[in-house]
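Across the two complexes that follow, chain A remains constant while its partner is chain B and subsequently chain C.
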Partner chain A sequence: MMGGLRLSMAWLHTWSGLLVGWILFLVFAGGTASYFRDEITLWMKPELHRAAPAQVTQAAAADRAQQVLAQRAPGSPRWYLALPDERNPAVKADWIPARPAAARGEGAAPKKRTRRAFGSATIDPATGADLGKVRDTRGGDFFFRLHFDLHYMSALWGRWIVGFCSMSMLVAILSGIVTHKRIFKDFFTFRPGKGQRSWLDAHNATAVLALPYHLMITYTGLVTLMFMYLPSGVNSVYPERSAAFYQDLNGGPGDVKPAGVAAPLAALGPLVERASSAWHGAAVGRIVVNLPGDANATVTLTQQEGHGLTHDLPSVTFNGVTGAMLTDPGKQSGAAVQTRGVMYGLHVGRFADPLVRALFFLSGLAGCAMVATGVLMWAVKERPKHNKKHGMGRIGFGLRLVDGLNLGSIAGLLLAMPVFFWANRLLPAAMAQRPEAEIAWFFMAWAVAFVAALAWPSRPMWRLQLGLGGALFALVPVLNAATGGAGLATSLAEGIWAIAGFDLVCLGLGLMLLYAAARLRMAPLVKKLPLAGSAA
Partner chain B sequence: MGVALRTIAAIGGGYGLASLSTQALAITLPMAPADAVVTGTLTGLVVYPCAVMWCFAAATVTRACLGLAACCAVPALVILVHQSAAVAA
Partner chain C sequence: MTAFAHPLANPALVAAALCAALSGWMALSLAMARHWQNQHGRGTAPTPQQSRNLRAAGAAGLVVANLLCLFVWDGAQGWIAWLGMLTAMALAAAVALCYAPRRASVLAVACALLAGALLFCAAALHAL
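Take a look at the complex of A and B:
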C-alpha cells in the first residue's frame, strides 16, 4: 500500500480524517458556537435582554455578592464569583454546598467525598436580586461542554474520545500538508460545478485558507487537557501530589485546612480595590473565597481577562479575616508555564475583542466546512468505483453507511442546533428540569435526523434536513421577537449588539443552508460524477 | 494486515514514545519543576503525531516498528540513567 511518502501520507490523511470526521464536525461546531457562549446564554434568557443592570463599581458588586452569598450559601467551603465585565452585566456566583451536619462534627473522620451539585446564582450587582431564576437554561454552556465532554456519558470518557479525535485530526492536518503539492496556488483555485474536483477545491480552500488557525486550534485544544492525556511528566516530577503541581502552575494558596473557629469574613469590596491598585488599575475578574466564615479563610482575586493573550492571569491572595496580603500580586511564572497559558488563552479566545472574535468564529466555520467537505469528498470519490462494480446507481454497504453518517452528522446537527434555540423559547418558562428538557429536544431532533439519514441516505433527505435546519435558523429572529426577546428592530435601535448579532448570525446561517438546499434541488451539476447522496 | 499492525504501532507505540519523551524531558530539563513538566508535555504532544506519521511512512512494517523502538530507547535510557543517578546520590 505504501508507494512513496506523498502517497502514504495521502492515505493516512484520508483515513485519520474520515474515521473521526463525524465527531470532529460536532467538536468544531460546538467549539465555534462557544466563542459566543455568553451571548448565546443571554439570548436564551429573553427576560434579561432589555434589563441591563445598572452600572456599579467592581467593589460595590463584590460587596453585594458577599451579602447574597452569606445568606444563600451558609457553611459553604468555597465561593466562586465572576464580577461584571463588558460581556456579562451580572455577577455570576457558584459555591460548593455545605457538608451535611453529620459529616462536619468535631473530629469526624473524613468520609469518602460524595459528588454534590454546585449552587449557582446570577446576581444583579446593583440590587442583589437573583436574575438566574427567570428562565433556567444551560445556554451557551451547553455547547461549551458538548465541545469537549460530549453528553450522556461521563466527562472523562468524553474527554478521552475528543482527545483521540483531536490527535487524529492533528495527524490528518500534518499529513495533509505533506501530501499537498501546491499550497499557495490552491488558495486562489475554485472550479465550481465540476463534481469531485469542486469538492477537492472547496476542501483545499477552507483548509488552506485557515490553516494556521486549524493547526493552532487543534494543538492548543490538546494543550488544554494535556496533563490528563499525557500524565507521565506530572507523575514523575510530582509523584505524590498532583495538587502541588497545580499550585505551582496556577499559583494560589494551595490547600488550607479549616480552623473550625468562626470568624467574620473581611469585606470583599476593599480587597478588590487594593488588588486593582496593585495592578495599576487593571480590573478584578474573578474571586475565590476559600472557607468563608472560618478563621483560616483566604480570598484570591484574579485579574479580568482582556489585558493579554494568556489564560494564566495575575492573581493575589489575601487573608480572609485580617485582609493581609499573602502573595505577591506581580509574581511572574516561568517561561514554559507562561507559554502554556498563552496557548490555553489562544484556544478559548476570551482575550479577543469583537472583531478578532468574529474572525475566530469565521475560522471555526471554515473548520466545520473543511471537515464536512473532507468526509463528503470521500463519498464522492468512492461512488464511481461502486457504480462500476454494482451497476449505475447502486452502491455497496460501506459507502451507504458513510453517506448516512455524513448526512446525519452534518445536516442532522445543523437541524438540532436551531431546535435547541426553539425549545428554549417554546417550552414553558417556569417548567421543572427546564435545562434538561431543552437538551433532550436537541438530542431527540438529532436522533430522529440520524435515523432518517441512515435509513434514506439520499439527495432528497439532504434537501429536507438542510432546508428544515435552514428555515429554523432563518426564523430565529422572528421567534425571538415573538417570544419576549428584544427583536431586531429593538436591539438594533437600542444598540443591544449581543442580541442583534445572535439574530443576524442565525439569519445568515439559515439563508446559507436554504441556499444549499435549493442548489441540491437542481439536477446534478455534473452528470458523470453526481454529488453526494444522489444515488438513492 | 500491514495496515492493522501499523495502526497498532502508531496508536500504542506512538503514545508510548510521547509518554517516555514527556517523562524524560520533565525530569532532566534544568528549569523550575513546573516549567520542566509543561515543556515536556508540550513536546510530547508534538512527538505523538510525528510518530504516527512515521509508522505509516516507513517502507515496511518491520522498519516502522524498529524505528519506533529505537526512538523509544533514547528517552527510556535517559530515564534509567537519571533514576540510577538519583538512587546513587
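Take a look at the complex of A and C:
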C-alpha cells in the first residue's frame, strides 16, 4: 500500500516539478534577487553611490516632496510617496498624471492604465533635487515584477502562469516529502562525483534543509495574489466594485469624486508628525494624497515597515484641506486581514534586518538549486534509457528538448542576469528609453542563449554559457569601479555596505559559476552507469 | 530589537547562535551510523549511550541557538531567524561532512567552544 502511494507520488512529483520547473527557476531567481531590490536599484545608479542625502526628519522630507510634486504633477489625481528609511535615503514619488483635457469629463475615456502611465521621481529629501533622472533604470524593480508578472505579456497573464506554476510547485513539494524515503537517514548526505546519486543528494539537501522556507514561500506567494486566483468570496460580498473591497482592505483614500473646487493642500509635514505621535513615535513610511489641490482631498499615511512581520500596517487618513483626522490611527484589522498581512509580510520579507535578509537570500538560492537539480536529474535519469534504445550517445526528441530547455532556462538566465547589470553601465547614461533598453539587453542575451541551447544542448554549450555568465558576474566589481560607481576599495573603506555587498555577492556567484564550468570540463562524459530504481 | 545595549554584544550573540546551531547539527550527524563511520572507520558504531549523548548534545545546541535568537529578536522574528539559521547551518554541516568527514567531531567541539566564548564576550560587554 505504502509502496503504491510512494510510487504514485514519485510520478506526481516528477511531472508536477518538471513541467513547470523552467518557469519556476525564473520565479525563484527573480524573487531571490528581489530581497535586495533596493540595493540593486542603488547599484544601478552609480551617480548616487557616494551621495548619501543629508538626514532630515520624515516631516521635512514630506514637505519637500510636496513642494516638488506641486510643480511636477499639476492636476494629478493621486500622489504616492515613500519616505526615506534605512535602506532608501531618498523620497520615492509616483503619481497618476493629469488626464488630458480632451478625455476629461467623458465617460468613454481610455481606462488602460499601464505602468508607464505613472510619473515618478526620486527626490533628495533635503534639497528637493530629482535624483532619479541621473540615470533612468528599472533597477531591482525589474526582477521583482519579472518574478510574478513575467514580461512581454499582460501582467494578468503573467500572474496566472506564475500562479499555475506555484500551485504545481506546492504539489511537487508535498509529493516530494511523501516520496523521499530517507529524509532523516540522508539528512546531511552529499556524495559528489557519483552521477545520478550526486544529483539526487544535492536535490534532497537543498529541498529538505530549506523545507520550512520552500513551503512558506510557495504558499505565501499564492496568498499574495489570492484575490485574483480565488475571486468568488470577494465577488459575493462586493458584487460590482472591487475598488471598494480594496479600500476596505487597505484603508486607502477610496473612490472619492473630485469636488471640482480648488483648495490648497494642507502641509504634509504636520500630518506626518501627528500620525507618528498617534503611533507612539513609530515612523511614517508611505503617504497617499488623493485629489491634491481639490476641496475633497484626503491624505492617507501608513506606518513604516520593520516593526513586525505583517504587511498590514496601521494607517490613518486626514482631510487634505482642513487636516482633520478622519480615521482612527489605532484601528485593529480583523483576524483574516491580520493573517493575510503576516503571510504577505513573510513572503516579501521587508521586516528583515540585514542578517535575516541574508538568511532569506540563502534559502532562496537553495530553492533555485533545488529546482535546477530537479529538472537536471530528470535528464540524467532518462539518458541511460535513450542510450539503450537509440545506441550510445544518441537520444530521442523528448530528452533533447528537455536538455535544451534546462540549458536555456538555467545557464541562459544566469547569463542574462549579469548582462542586465552590464547594460546598465555600458549604455549611454542619458539615452532615451533607457530602462527599456536595459531590459531589451537582458532578453536579447537570454534569447540568444536559449536558441543556442535548443540548437546545441551539449556539455560544451553548458560550459560556454556558465563560463560566460560566471565571468560577467565575477567582473561586476571591476565594471562597477570602472564606470563611476563606488568600487570595492571605496565602498568597503567608507562603509557603503549596500554597494560592497552587491559587488561581493556578484563576485561569489560568478566564482561559483566559473567553478561549475571548470568542473564540467574535468568530469568525463559518462563516469559510471547511474544507479537504477532510486526514487526522485 | 536591542537586547544588549553594547553595539558589539548583539553581533556576538548572533555569532554564538550560528556556532551553537552548527555544533548541534554536527553532533546530531555523528549520532548517525554513516557519519560516525566516516569519521571512525568502517564497521564501527557509536554505543547506545554515545548515541544518546550525541543526540542530547545536538538538541541542546539547536535549543541554545533558539533561545539566543528569541533573545536578540522579538518573538516571531526570532523564530524566523532561528529557522533561517538552522537551514544555513545544516547546509554548512552537509558541506563539512562531505569534504572533511574525519573532522566532524573536531568541528562540533570547536563550534561549541566558540559559541561559549562568544556568549562570554557578549555578557562581558554588557557588564562593562
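Keep this in mind: the second predicted complex is superposed on the first by the 505 of 536 C-alpha atoms of A that agree within 3 Å, B and C clash if a C-alpha of one lies under 4 Å from a C-alpha of the other, contacts with A are read in each partner's own complex, and residues count from 1 in each chain.
One rule holds in what follows: contacts are C-beta pairs under 8 Å (C-beta built on N, C-alpha and C of every residue); 3 or more make two chains touch, one makes a residue touch a chain.
From a predicted model like this one, the values you see are computed outputs, not experimental measurements.
Look at A:Leu355: by the touch rule set out above, it reaches chain C but stays clear of chain B. In the superposition on chain A, A:Leu209 makes contact with chain C only, while chain B stays out of contact range.
Shared-chain residue A:Val337: touches chain B; no touch with chain C.
The larger set of touched chain A residues comes from B, when the choice is between chain B and chain C. Applying the stated contact rule after C-alpha superposition, one finds that A:Asp248 touches chain B and leaves chain C untouched. Once the two complexes are overlaid on the shared chain, A:Met167 sits against chain B while remaining clear of chain C. Once the two complexes are laid over each other on the shared chain, residue contacts for A:Trp11 go to chain B alone; chain C is not touched. Overlap of the chain B and chain C interfaces on chain A: none, as no residue is touched by both.
Per the touch definition, chain A reaches chain B in the complex via residues 1-2, 5, 8-9, 11-12, 16, 167, 170-171, 174-175, 178, 219, 222-223, 226-227, 229-230, 232-238, 245, 248-249, 333-337, 339-340, 343.
Chain contact summary for the complex, chain A toward chain C: residues 185, 187-192, 205-206, 209-210, 212-213, 308-309, 342, 346, 351-353, 355-356, 359-360, 362-363, 366. Residue ranges of chain B in contact with chain A, taken from their complex: 2-3, 18-20, 22-23, 25-27, 31-42, 44-46, 48-50, 52-53, 56-59, 79.
Chain C contributes residues 1, 14, 25, 29, 32, 34-35, 73, 76-77, 80-81, 83-88, 90-91, 93-95, 97-98 to its touches with chain A in the complex.
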